[in-house]
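Several structures are given next for inspection.
Both of the next two complexes hold chain A, though its partner changes from chain B to chain C.
Let's look at the complex of A and B:
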């Protein structure tokens, strides 16, 4: 009979800091509240190339994983831990929370327009999922608050994909035409670092999507749509909060970063403007805002233009807040005409 | 019967809001912000509105702590503030009373889009804090929707 090995328990005294006792606060035992002692030390560079959790003792001989994002300036946002908690706390479930029974038959042209917009918004959500997850595995574990928050953002986007697909298939319609996808490809294929991806995914596309959702909420046909758009706005506002905080941090810690961001937007705006020439989304939105094809030709298009002015005001306002200077003559005409000064 | 706007009214609405668990799920839930509420009046002879009354609403975790009357200087400190003429606040609250919740162009988001100078803004211009209006929009809407269950008189 093989003798039972005598355990030595040598691992039990292996800790960089023992005796930690974090107490739950008013908001519970939050991720951010765990940042005490050595566990709260967030270095400006994270050179450990393994999956070693921040604060644990590294095991010798671990092969490197190959994380590309190891600098705090390339990922960090102070708000990430709080946003993570907020995302968990304020989650919702499309299957049961949306009052689906409030949807009633709509005129055919309006239903087609709603379905087309939902098709487009599903694609936006897909791009969110693929973009964030394609960077997630490149982010070092030293910045776990951001990795965890972005995991919730991916889940949010999964929920958005689900809810827009459900709306399209709920009321006698179906999915419409695929979007031109040039901006989608630009976001997915940005390779200059996570900050570049944040710039395209959240600052440019995110601001546009938020503005569109706000107008869709305004022109919702029923409580279900009002619920959907209102809740997606909240989720996207959380993503935007991370983006703004990260970009602000990046601008403060990376030399010449405002110029880099201006150049990125100069490139991104051109693809965005080219996609604006495609009439599909514009016409679908005008039908929704105008209450049908007839109304689309008049006040529907006028409302679309108001939406674009709102988008450009927020987009430029954010750039200004980040101190990213953009000369109007470097903004494509398709966008420049909606600048507040152009009124 | 509580008079709008008054600390008693904000407290009564907070009581309904805090006591209804349905406001905590489905995208509601923890909310941490201070929001100013400005009731504007008409400045006779001039084409502009003037601040008549200011209240500060505080949300902490799952609770609304109610609203306290403040002076205009308090607007420098809040995350964002919502401003409308008295008559428009009344119209919004009457829509909520009539339907049980805000409809169409009476939601906070719609009012922010429809009004020439918006509904929500700030003195500090910090976009991160201003955007709390959107991050917690459903909770803010739930709060005002809860006023449907408070008998309201208007001053």
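Let's look at the complex of A and C:
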């Protein structure tokens, strides 16, 4: 074998744009700051099906990898690069950053409720992981900022899966009952495109989860729980920021998209409403909010209803912001009764 | 946050769920590394099943709900297909050792370089930007197909996707930070050319990605001091090597588990290794291999410019030797070393040729 043939240097002097010198700013050398000259040109369609980095010269004759998502409108959000850097800066480790020592024994009914909620939230994180990771490899390289941000999102979800499991197994309890799974299935089966997955995973489930986590943070029993809920909220806020920015972009660039989203939500709401009939999560939350089973029957359930009103206000507010028109009479009763007008 | 309304009458509660749970009275204790995944592998919660029948995405150890939807048509549900004994350790280490390419690299130490060296560096950066996310895309696909009963292994792969994302970004940053730019892509990862994409089995994928592919890149990163021209480049190679070492460790430990628990698959694994070895120097995925674009770039970087190409070539050959030696060690450690003793593998021969 010839170890290294005589060099020809045929690869030299082959660049679409030379002389680029990006300098670090006050936040360091960020991903977004690299978008200068041709390197910042993000095309509306990316037809190169290889892993050619954006701005590099493609090698001709390469067989396609087979990316399904090659249109900017199906994936893009302007904020993705900034969210990517923010996710890295705000990393945390459940093993060492959560003050586990602050957890003290709780009344049995409250511990059972916390463990049930942790089981559900762990399963939510599982759906985040499985949904996003099933789409990642289908996304074209031309939109690498989004691919990279989503890598942080699944990394976050892995941490959420872990931290809720740790909390459930820390304080004399254990895992509770698995979730009904109907909404999980809907999210995982959103095969009509990444935008559809974003609609179900973030706009519907994400808004609900964020509202729930805010209430859980308010009713946390110790600093460990406060830390967990607070940091999961912080992570999920980034996911929501990407999702809403993407949906806004999609609505602005895809004809009839608001109607499509309205139809998706019409279907999604029905499945979501069916799960609301299931008492498990509702009662577990009411026990936490009410400080026990007795309190759950009164102010615990009242707080749960307040939480639902807040969820519906945020959910409907976002739909309005996206210009997705939804007639109240097309929203299932289980959700409609929490609309602000319903008071 | 809205204020709760005090109700006059009490709500009826079902509460039947309160008696449906996994093993109770569990109290995980922290170890000296905090409350790690290893610390919560207690009782029934620590038992990953040999075969997983979990098709609802239920967290391992949670109580089953008979009416729950079957949502997980998981392709990977046999423990030996993905398991490794130190997944918890690798996961926790990955979390502790995350770094930021924006702020942890001393970018200010980069000074203008001679044009031939900058072009060689940018060519390597283009190549690494291109290949690093193969190692992100492909594991992601397998993550979504793996039952959560093996979440420890799955979480390590999630960390790998994150790491590869950062590698993709740090090499792009380097290419655009010093008066250069991206160059011509190799295309070595496209379609069927990038055989990692072809894998239909997790262990097949892991043998190509973790053992041969990332193993070869790890050797280069570890010897990055030899081709770094400033502290920024040294930091990039050092930090990337740290990440790659975890990914390679995943592959070695998984293959070891497979060797110990699935002897019926030994011959099949040897076939995957046969295939990986055929491309170990000849393919375009090993930048120190025979593909001119990357091997010439590396020789320029290692030698200190075109004028010193021969010196660089000698160092490149030394890197190849080390790549092959380390590959042999890894495969032996994984339990498949017999291939080097019974003449099945050509790698010892190639190594002897290079040494001569």
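Here, the second predicted complex is superposed on the first by the 339 of 343 C-alpha atoms of A that agree within 3 Å, B and C clash if a C-alpha of one lies under 4 Å from a C-alpha of the other, contacts with A are read in each partner's own complex, and residues count from 1 in each chain.
Heads up, the rule we're going with is that a residue touches a chain if its C-beta (ideal position, glycine included) is under 8 Å from a C-beta of that chain, and two chains touch if they have at least 3 such contacts.
Given the structure is predicted, the values throughout are model-derived calculations rather than measurements.
Engineer: Looking at the overlay, what does A:10 touch: chain B (first), chain C (second), both, or neither?
Structural biologist: second
Engineer: For chain A, which side has the bigger count of touched residues, chain B or chain C?
Structural biologist: On the superposition, C touches more of the residues of chain A.
Engineer: Considering only the touch criterion stated at the top, classify A:237 as touching first (chain B), second (chain C), both, or neither.
Structural biologist: Only chain B is touched by A:237; chain C is not.
Engineer: In the superposed arrangement, does A:245 touch chain B (first), chain C (second), both or neither?
Structural biologist: Only chain B is touched by A:245; chain C is not.
Engineer: Let me test your reading of the model: by the given contact rule, A:196 touches which partner, first (chain B), second (chain C), both or neither?
Structural biologist: Touch partners of A:196: none, neither chain B nor chain C.
Engineer: May I ask you to decide whether A:93 touches chain B, chain C, both, or neither, giving the answer as first, second, both or neither?
Structural biologist: Touch partners of A:93: chain B and chain C.
Engineer: Please work out whether A:64 is in contact with chain B alone, chain C alone, both, or neither, and reply first, second, both or neither.
Structural biologist: The answer is second: A:64 touches chain C but not chain B.
Engineer: What is the contact status of A:269 with respect to chain B (first) and chain C (second): first, second, both, or neither?
Structural biologist: In the superposed model, A:269 contacts neither chain B nor chain C.
Engineer: Just checking: does A:218 make contact with chain B only, chain C only, both, or neither of them? Give me first, second, both or neither.
Structural biologist: A:218 sits against chain B and chain C alike.
Engineer: Between chain B and chain C, whom does A:321 touch in the aligned arrangement: first, second, both, or neither?
Structural biologist: first
Engineer: Just which bits of chain A does chain B share with chain C as contact spots?
Structural biologist: Overlap of chain B and chain C footprints on chain A: residues 27, 85, 89, 91, 93, 214-215, 218, 310.
Engineer: Under the definition above, what is the set of chain C residues touching chain A in their complex?
Structural biologist: Residues 1-7, 10-15, 17-18, 20-28, 30, 33-37, 40, 42, 45, 56-59, 61-65, 67-72, 91-92, 95-96, 98, 100-103, 105, 107-108, 116, 119, 122-123, 126, 129-131, 133-134, 136-138, 140-141, 143-144, 148, 151, 154-155, 158-159, 161-162, 164-166, 168-169, 172-173, 175-187, 189-194, 197, 281, 290, 292-293, 295-297, 299, 306, 309, 313, 316-317, 320, 350, 353-354 of chain C touch chain A in their complex.
Engineer: What residues on chain A touch chain B, complex-wise?
Structural biologist: Per the stated touch rule, the residues are 26-27, 79, 85-86, 89-93, 97, 210, 214-215, 217-218, 220, 226, 230-231, 233-234, 237-238, 240-241, 244-245, 248, 310, 317-318, 321.
Engineer: Inside the complex, what are the residues of chain A that reach chain C?
Structural biologist: The touching residues are 1, 3-5, 7-24, 27-31, 34, 36, 39, 49-53, 55-59, 61-66, 84-85, 88-89, 91, 93-96, 98, 100-101, 109, 112, 115-116, 119, 122-123, 126-127, 129-131, 133-134, 136-137, 141, 144, 147-148, 151-152, 154-155, 157-159, 161-162, 165-166, 168-182, 184-185, 188-189, 214-215, 218, 279-280, 283-284, 286, 289, 293, 296-299, 301-303, 305-307, 309-310.
Engineer: Which chain B residues qualify as touching chain A in the complex?
Structural biologist: By the definition above, chain B touches chain A via 25-30, 32, 60-61, 104-105, 107, 109-110, 112-114, 125-128, 131, 134-138, 141.
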